[in-house]
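In the part that follows, the structures are each spelled out as structure tokens.
Each of the next two complexes has chain A plus one more chain, namely chain B in the first and chain C in the second.
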Partner chain A sequence: MSEGSQIIVADDGRVALRDSLKEENIPNFEILKNRDSRIGSDEVFGDGVFDFRYGPVTSGFIESGSFHIYTYGERMLAVNIDLSTKHRGIEKSCVGLPVTDAVRKVENICGNFAFSHSVAYSRAVESALAIKPTETTKKLRVIGLELERLYNHLFVATRLAGSAAQKVLNAHLLYLFEEALRVNQLLTGSRNLKDFNSIGKAKPLSTESFGPSIESIGIARYQLSRIQERLADLYGRSLESENFMDRLHETATLNAERAVAIGVTGPSLRACGVEFDLRKSDPDYPDFKVVKMEQGDALARYEVRCLEVMESARIVGRMLDSLYKLGAANVHPVDIELEIPSSSGTSVGVCESPTGVIATYVEIKKGTIVDLYISTPSLFGFAAMREAMVGQIFTDFPFALDSFGVSFADAAR
Partner chain B sequence: MLFVYLAFATLLLGMVLSVNRPLSFGLASSSSLLMFIGGISCLFHPASSPQYYLMPGLSIGIGVDHTTAIFLVATSIAFFAISFYSKDFGRLFSRKMAAFHNLTLFGMLLVMTAQDSINFLIGWELMTIALYFQILERKGSYESAFSFLAFGELSAISLLLAFASLFVTNGSFTLTGNVAANPFFLVMATLGFIVKMDAVPFHTWITGAYSKAPSNTAAMLSAPLTFMGFYGLVRILSFTGYPKWWGIIVLVFGAISAFWGGMQAAAERSLKKLPAYSTVENNGIILAALGLSAIAATYGTPETQTLSQFALLASMIVAFAHLISKSLLFESVGHAKESLQEEEIDNVRGIWRNVGSVPALGLLTSGLSFSAFPPTIGFVGEWMVLEAMFQSYKLTSNVDRLLAAFAGIMVALAIGLAGFAMVKLIGYTALGPDHGRETRKMKSASIKLSQIFLILLIVLSGVFAPLIVRFLGYNQFLTGVLGVPTPLLIASSNPIFGVISPTMFFIVVGVILIPLVVIFLTRRTHRKVEAWNGGMSLTEDEYFTVPAYSFVLEYVLRKVYRTKELRNGYNAEVVNKDIAEYIYEYADKGVRTISRFVGRNLMSGKISWYVLYIVIVFILAFILA
Partner chain C sequence: MKWWPLLGIKHRLTEKRKYKLYGKVSTVFHSFRKSLFIYPIDVGNSNDMNLEMAALQSPQYNLHRFGIYFADSPRHADLLLVLGRVNEPMAVPLRETINQLPAPYGIVLVERESDTEGTSVIELGIENIAAHVKDYREPAQLISIFLKLMGKEN
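Then we have the complex of A and B:
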């Protein structure tokens, strides 16, 4: 794919490619063009205005990346984001590798969204090489995706509570976050769901170190219902805290029109009132309800994420129930050797990750990758956050940053 | 009196020889030394010139009594420092400046030694006019100089009316002996003096005049000129006594002034406007202490009399601290400003490296003095003022207690805000990082020596503050307890309420802590590294700016600061406005409206109207005659 090209993903999951488009035709051309190095290049001048660089290695940041905030003190007048310190060139490093070998590399784009990246890549390769995953694999992928969404959303909520000095809420959410990671470990053998998915198949649920898989599923089912219940309680209480509401309400507000123009997807878009979710038309998600809010501020994003945790817990629970009913023998039907054809093809795989749509474009020649382009949601999330921060004060910074749930690793690849 | 006469003569000679600027400023320095000696000798032997009777009720003469001698000694120190500083600094300006500098000193000396209203007013006007011409030294300073002159004349007119009322009451212009004063005199004279002390709301001229004036002139405007206002108040109180209503007015005025000055200083970004507002703050503290002294004096109990005296002493110490500290601050600011040719604090960072250690130390010392940092004289003065305010419980009237408590809060806030402002000034200028700016070469021997003299004086006068208290004649506040020998302990009351011993502090710090620090530093158990900035060195445009330092305060108090955040495309800035300026803007609008009305309707240029005016005036004169 050439520089500045666009992958257009429709609400129903259909994908279109627009290549070599002129700058004026793409509102987010600048973002796409500079996606390896920076987001935004605005400068502000005036008496006392300076570039307050926050990062790349600074307390309060869990990744290396820099914000260049133009300010005359407190007020953020313009925000540019430097991704260069986190850019690893993972796509290029995959070129020339057999398709199966690139899975682990793609997973490492971003630890938090490892499973989503893996699924988007797998779907692209499977589509290009006409590999059809089994129904159980599809179910297991849904479980993995929702578990990833669940722990990521809990992580965002934890960060927001911590930034607002809501120590009790923060501690409770941290507990739920840890519980979610343990469920991941219990079911997949990895706290962040790595190495659970591969081309055409997913690993069986539970590993030998956790005993009989049926028991593990039962325990995980119970834990998830507890997370769901406790979060519902905490969420209700948090909305009653005026202090917490003060920090989130009308902070870093994004309107739907700008969000769409920038290319934002995921909870940040749904918090602006746009009902865009790939899962809506995905046959693997029967009876799925899209969560959305209207205000587009940090509070709306927090609400969407909390409600989505409960929805994810419900989905995983139902999936586990159906696997449980099948019995232990049927939990392992994907544990088979799959032949990957050494053919050629081109395709795009998409996936609704915790923070938005991941679209992975892949070109394969005789089983080897010749081009790989991954569109990550954090890139657009950062671009939106950058706009939403303008006019806010430094105090609002952590709420803007955390509420978008974006990752430098994801954006910079 | 001989030394005083010689001082006058030397100043006249300095004016005449102003073609040679270093010589002229040198003569001003010599005159200051003569004033100092004259002041010291008159402390013990007050003296005066013969009275010259010009007409019945009008005699003129000069003299130095005990009060004048104290002020003369104090002022002569600042005169000496500023004049000596000007020997080299004056080379950057015209010859006229040297003449007007001598004339300013002449006027101030006349004010201090005047024994009658005529001499006093002549001195008052001379110093105002001479300073006006010195402000004009820089191009584009006409408006600022005129603004200074306008307020100077408001002060002069107030004093003229005050002295006229004094003449009506006493039938004489004399300011010595038993002078009976009326409330009108006290109000007008107080107005005249507090205008000179830059009290709110008569301070709006300072930002223009202080920043436009050469730094030695700014030092004169800020330190000796405002000190003259304080001298005037002390002088008139010596024969009017301490009316309670006056004390209340001055206390409230002073407290508001102090807070306002501190608050505006905290938000200032200009190298000379920040010290200008600090002047408002310091003079406000002086006025508040003076007001408290007046209120306490009216009670008549021994306890309140002691409080009154202590508050008066506090006001004098603060005034002296301000006199020398502000002289030094403007000297150091001027040194840096002329070397770097910059006006804003943001643009003179790294003075220590790029201009020199002397101006950096000057800024540091004076800034610490204004931040009440021990053992400087500023610390002693501000501690005394707060101690006096704390003792307001001794006043039996609840109204007085409330007012004194209010003043105490305002003064404490003012001191805190001034500390904030000074940390900003020192942190960015003296201790800030060097940005490799080019400095202008200039002869600076006298500039440096004068600053060194004042640096030592600020520290030593703080350390030996008990001696100053003794010099001022307040031995009752000197004591010795808890191992501190008499008279090294300053007590704020008797029985003791609070004590302080800057001398012992200095000894403890000097003898114990400094060797410990030296040992610690020479052990080399540490290494110096660049401050952590996200893992990368800061680029030029990434340094925290001066406006950013105080923006939080401005934003929180935006209603008071009248803060406006302006954004125009890629340009943005924050502007504040001193509310007091609205008063003059409205007055200006009113005057212009009236002028237009008069111009259009009464003085339209029609010859027939003028003939009519002449006829009316003629008829009126005829009738009256």
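Then we have the complex of A and C:
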């Protein structure tokens, strides 16, 4: 992708590439320019202000990234984010590889969004090389995407409950989180849905080593409905816990205008009252309802995520039901050896990951990758988070960080 | 305010199962028979191992019953859990963290077969490696190693 060009993803999933734009016309140019190394470069000086470096090895958050927090006592005056310790340069290392080999590398950009990343990449390659995925593949991809959303959202809720010292809620949510990972394993053979999707096709559900497929679908279906039921109960109770509400309410507030200017997508944007969701106009999602909240604070993001878990469980449950009715033959479709043409092409693939839109730009020449550019939602999520944190006290830090559901691996690639 | 449901009393959330030893363990620390404090460090994995650390603390496994706890600082830890293959800028912070560990200590390396980035930590020539998991799949593998390191039969 040439410098100064921009990928624009519309609400209905249409993608536009704009070339040779001027710096001043792109509101988030500064973020995009330094996306390999840092987010933000604000500095504050004065008596009693100091630059507190948090990370890359800390027990507050486990990932190997770091924050530079300018604090005056408890209050945070500016927050900058250092991505360099996590940057692995995966996009560059994919250049020169055959398109099929790069799928596994793209999955490793962010392990908890592995399926979303592989779907966005596959969609780009499929549209560039004119490969048409089958209807079953499309269905399996919806199942994968929703399973991924489910466990990621549960993880965020777990972290928030843990940070607020809600030990009982935290333990219950951790239980559901582990159950969700086991459902993934049961259906796809991998706890984090890796190696499930490839170009043009997805693996059949539940491989032989996990027992008769049709039975495991029934078990997964039951487990999902249990997760949905128990989360609904826990969610209702958590909203009545004054302690918990006090920590989340009006913490790290983001307004819709700034969110759009930064480029935030996903639950963080929907929590500001913007109804932006690629699944809304996706034909693979019949009667899909967008979840949104108005306040834009950590509480709104928590609510959006919890409600989305229930929506995702409903979608996957319905799809599994239809597969279950069709019988074993349709769950185990004959593995067609797909011909990947060694032609050339350029395209963009998009996908609604748990934290927002992933857009993958790929340029292919005779079946090998010439250029790969991946726009990840966590980059914009971090940029919004550092703005939302300013003026908050340090105690609010974990709520701001966790409620955005961002990860360094995703942002730094 | 509603009372939280204490489901653990009615239904047992902790699973009763054996943790069969996975792979090899080179040392057994008899001094950690009663408790083992673990500090996990991310050295550049794709964040999937970090989520597994949350899964490891879930009620299904109930690590506290074995006396296994997560420490908040490497200075309070008996065991360092190195997650993933090492990304170049993280090699120095990793060595610094190891320097902070009080003796006797052990290091467990955890990698996945699907990892494609970075270099294996084993190539850094670190001492006191108690176990090396090359194809991590589920938390039970790690629990079996912890129990063996503590000299507990399970």
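Heads up, the rule we're going with is that the second predicted complex is superposed on the first by the 409 of 413 C-alpha atoms of A that agree within 3 Å, B and C clash if a C-alpha of one lies under 4 Å from a C-alpha of the other, contacts with A are read in each partner's own complex, and residues count from 1 in each chain.
One rule holds in what follows: a residue touches a chain if its C-beta (ideal position, glycine included) is under 8 Å from a C-beta of that chain, and two chains touch if they have at least 3 such contacts.
Since we're looking at a predicted model, the values are computed, not measured.
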| item | value |
| --- | --- |
| First (chain B), second (chain C), both or neither touched by A:V168 | second |
| Of chain B and chain C, the chain that contacts the larger number of chain A residues | C |
| First (chain B), second (chain C), both or neither touched by A:A114 | second |
| Partner chain(s) touched by A:E74 [first = chain B, second = chain C, both, neither] | first |
| Partner chain(s) touched by A:E43 [first = chain B, second = chain C, both, neither] | first |
| Partner chain(s) touched by A:T134 [first = chain B, second = chain C, both, neither] | neither |
| Partner chain(s) touched by A:V57 [first = chain B, second = chain C, both, neither] | both |
| Intersection of chain A interface sets (partners chain B, chain C) | 56-57, 64 |
| Contact footprint of chain B on chain A as seen in their complex | 42-58, 64, 66, 70-75, 77, 393 |
| For the chain C and chain A complex, residues of the former touching the latter | 1-2, 4-8, 13, 39-55, 57-61, 70-74, 83, 87, 89-90, 93, 96-97, 114-118, 137-138 |
| Footprint of chain A on chain B - complex, ascending | 269, 346, 533-536, 538-539, 541-552, 555, 565, 567, 570-574 |
| Parts of chain A lying in touch with chain C, wherever the complex brings them together | 56-57, 59, 62-64, 84-88, 90, 93, 104-105, 107-112, 114, 155, 158-159, 168-169, 171-172, 174-175, 177-178, 181, 185, 191-192, 194-195, 233, 236-237, 240-242, 407-410 |
